[in-house]
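Consider the two complexes below, in which chain A is the common component and chain B and chain C are the respective partners.
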Partner chain A sequence: MKIKKNIAVSESGFLFDSNTGDSFSLNETGKQIVKMLNENRSEEEVRNYFLNNYDVEEGTFENNFNDFINMLQNLNLLENEG
Partner chain B sequence: MKDKPKYTIAVTGLNNTDNPGPGVPVIRALREAKSFDVRIIGIVYENLEPGIYIENIADKIYQIPYPSTGSDNLLKRIEYIHLKENINILIPNFDAELFTFMKAEEKLKSMGIATFLPTIKQFEERHKSVLPEYGKKYGLDIPESKNITNLVEINKLHNEFVFPVLVKGKYYDAYLAYNAAQVVEHFNKISAKWGVPIIIQQFVKGTEVNVVALGDGKGNTIGAVPMRKQYITDKGKAWGGITLSDQKLLDITHDLIKKTKWKGGMELEIIKTHDNKYYIIEINPRIPAWVYLAVGAGQNLPEALVKLALGEDVIPFKNYDAGKMFIRYSYDIIGDISQFEKLSITGEL
Partner chain C sequence: MATKEKLKYERPVINKINAGVTDKFGMSTKMEIIEEIDSVKITDLLNEYGSPVFAVSENTIRKTINELKQSFTTRYPKVQIAWSYKTNYLNAICKIYHSEGSWAEVVSMFEYEKAISNGVSAKKIIFNGPDKSKADLEKAINNGSYIHIDHFDELYDIIAISKTSKERPKVAIRVNMDTGIYPQWDRFGFNYENGEAWNALNRIMLSEKLDLVGLHTHIGTYILTPSAYGVAASKLSELAVKLDKKYNHKIKYIDMGGGFASKNTLKGAYLPGKDTCPTFDQYAEAITNAIINSEIDPQNMPTLFLETGRALIDDAGYIAGTVLANKRLASGRRSMIVDTGVNMLFTSFWYEHEIYPAQEVSSHTEDTTIYGPLCMNIDIIRSAINFPLLNKGDNYVLKRVGAYNMTQWMQFITLRPNIILIDTKGKTHVIRENETNETMTALEKIPEHLK
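Our next item is the complex of A and B:
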């Protein structure tokens, strides 16, 4: 799972899709997830990172993470995986 | 270092109101040209076109009669201006005047005035009223549309279209209608202003994206920059926009220019649907008012157009910056009644 190539993510968490002109603001959590996806880290690694570094239940994280990924997919921000 | 040549360029469309003409942004681009200097002759129809009063836009202003008063009148006036100013290039920017200037291309040339306009055929075949045929001929997706000339035809529209539909004038104006009653309302409003036919176009849901492009008349695209409107006025005009890197938009543009051998500036108005289909809803045969965004993104298309008009070889632009934005604003200029008086009485300023 990776963010599309034409999408730029700044240090401040501002995400710009140069193909569509859409732009989004990410919060700290979203920024960290996108950063890890762009580093080719697996979902498992992202999950472990958050469970180890944040005070969050596994189920709660799982729900929010899936919501976030669905949102990225719906907004057409993820590379299609063949 | 070799001195840059200086050209006298006449430009129309100084009406940068909330429905802006391209004149002022074209002039700004020409003043920033790297390969030549300019003296700008602003050509206006109305004596309150804002570009007349903005500093460092036109060096001299001349008023001309509307093309509807007859092309002879208009050309005589251009001849008079040319005698005084020795115009090298004329850049008309209004849809409604283009036909007159295209017809007069040879005459202008014989006077020593260069233009770089589409051919009559190129101009005629992309009219809104014949756009579906154009789409078939050149392999473009165009929303279903139909020309209507009377109110009776409106009652049958539900057999061919799914509401909402766009109701469009031949040259200007477009309104969305959700039922036949609204079509009647818009039909009456538009036909009173622009006559018939009125074009009924299937509304396509999606994002409106535009491309400004320049064709060399031999099938080559000299430059092309796509933009998405970010802020749209109630007249549907872009008040803010951002350049895109969308390769498909560039491919459509290059392909169209290649097939039609388009000559001059053009603007493609396209709806990109959520399933990534691109429907062309209009083709404007001139530089659009947002052309300065292309200049800001690295393609000075008006400069290239001038060079093409003068018969120079122009190397096509290869790149532009995606993510460049333009934001329009309104600004009050203080003029003096003496300027208005001079233009009103003498037709010059």
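Our next item is the complex of A and C:
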């Protein structure tokens, strides 16, 4: 799972898609996930990072993470896999 | 080894930035957080009394009624407020209003008896409403309460009772009229424009058995136009002048009913209610100007009665609760399920209730639909609101729910929760206990063959 190459993310969580000209805002946790995906970290690594560093239960994170990835897919921000 | 303190979690979100026209009203996009009600922490309330929980602020009740009094008594010499029982008839709430000098305004024998048991003198009860049985009327007449007649059938009942009763009935008529607003309520009382009200007054005067003490109107509900009250007060004053001319009879009071708007926002309204709701001063100015400028004899100015309910209690009521779940709808919209449903928040059918997080949240929001916990499609608290990212188990609070919810609520699917009063010293008291299965089954009976 990778973020498209043409996408730039700023320190403050501002995300810009140079293909479409669309811009997006991310909250802290969203920004952290996008950053880790950009670093080619696996889903497993992202999950472990959140469970170790944030006050969140596994089920809640799993649920929110899947939802967030779906949103990225719907917004056409992820590389097509396969 | 000391464990590292974990960071506060917020669910990850991404929102598309849409450059649109700037909001010309400059409304804040950041949501306020309400952590306390009168210095009592909402999380403490929920821990102690369960979730959800209604909380009523005694401070706000007393402050608001005194604002109303101030607005009217500085403009008119004789003003009397009567607490509208149907708006909130919890005994503790009624007793606060009575301690501030309010009479009781009731619309059924159930409410009448509640007022009596709350220590209100029967002579300080106004009996309104279209449903008064002969037995109800006899009781009210013998007790010397004020009866506001709704229709001719009731008037004839009272005339019939007056022939045998020891007490002379003290009556007023309810008058409906065109005040220039829509909808024009015409179901309560006698119409002004078609002469029905004048006809009813003549019949009362000619019966010689009834004491005509007042004139009453209830022009509508959530009236945003104070001038409509001015029109209504002028028309009632004209009737008072006509009575004086024809019978040399001076009425004791003019009762303007209720209907003042609260700061809640009606569904479909463009601007929030807190910006559009008239002040008590505006209502007072319209009403008192109309009476003072009428032809009523200045030596015999009638007392001005007010039956304001909603505008007095709405701001004092809160309901706090817990987020049950978050889910994404097929449309892509975020939805949040909370433990307050339309069964206990009846007013959500016509208001866009204000809902706030009850703990620290970030400034990120998502377009959210807020559902109640009922397995019913209609159970929607807010159909579209930009709301912070609350997690399952987080707390929220709904503001301005003091009017009608604690009387019109339904026992449906879930049981009704505790109602807490926060007194003027910040101490909490249960004023209505939460229901249990036993409460609900106590009145049920099972036929022998099903046992």
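Methods note: the second predicted complex is superposed on the first by the 82 of 82 C-alpha atoms of A that agree within 3 Å, B and C clash if a C-alpha of one lies under 4 Å from a C-alpha of the other, contacts with A are read in each partner's own complex, and residues count from 1 in each chain.
In this section, contacts are C-beta pairs under 8 Å (C-beta built on N, C-alpha and C of every residue); 3 or more make two chains touch, one makes a residue touch a chain.
Predicted model, so just to flag it, every value in this text is computed and none were measured.
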Inset, instruction - Based on the superposed arrangement around chain A, label chain B with chain C as either clash or fit. - result: fit
Inset, instruction - Tell me which partner A:Met71 touches in the superposition: chain B (first), chain C (second), both or neither. - result: second
Inset, instruction - Identify the partner contact of A:Asn6: answer first if only chain B is touched, second if only chain C is, both if each is, neither if none is. - result: first
Legend entry - After the two structures are overlaid on chain A, angle v-u-w for chain B, chain A, chain C in degrees (C-alpha centres, nearest 10): 90
Legend entry - chain A: partner with more touched residues, chain B or chain C: C
Legend entry - Partner chain in contact with A:Tyr49 - chain B first, chain C second, else both or neither: neither
Inset, instruction - Classify the contacts of A:Ser18 with the two partner chains as first (chain B alone), second (chain C alone), both, or neither. - result: first
Inset, instruction - Once the two structures sit on chain A together, report how near the CA atoms of chain B get to those of chain C, whole Å. - result: 7
Legend entry - chain C residues within the chain A interface of the complex: 4, 6-17, 326, 328, 332, 362, 364, 389, 391-392
Inset, instruction - Would you pull the chain A residues touching chain B in the complex into a rising list? - result: 6, 8, 16, 18-21
Legend entry - Residue ranges of chain A in contact with chain C within the complex: 15, 22-30, 32-33, 50, 53-56, 60-61, 64-65, 67-68, 70-72, 74-75, 77
Inset, instruction - Name, in rising order, each residue of chain B that touches chain A in their complex. - result: 207, 209, 227-228, 230, 242, 244-246, 272, 322-323
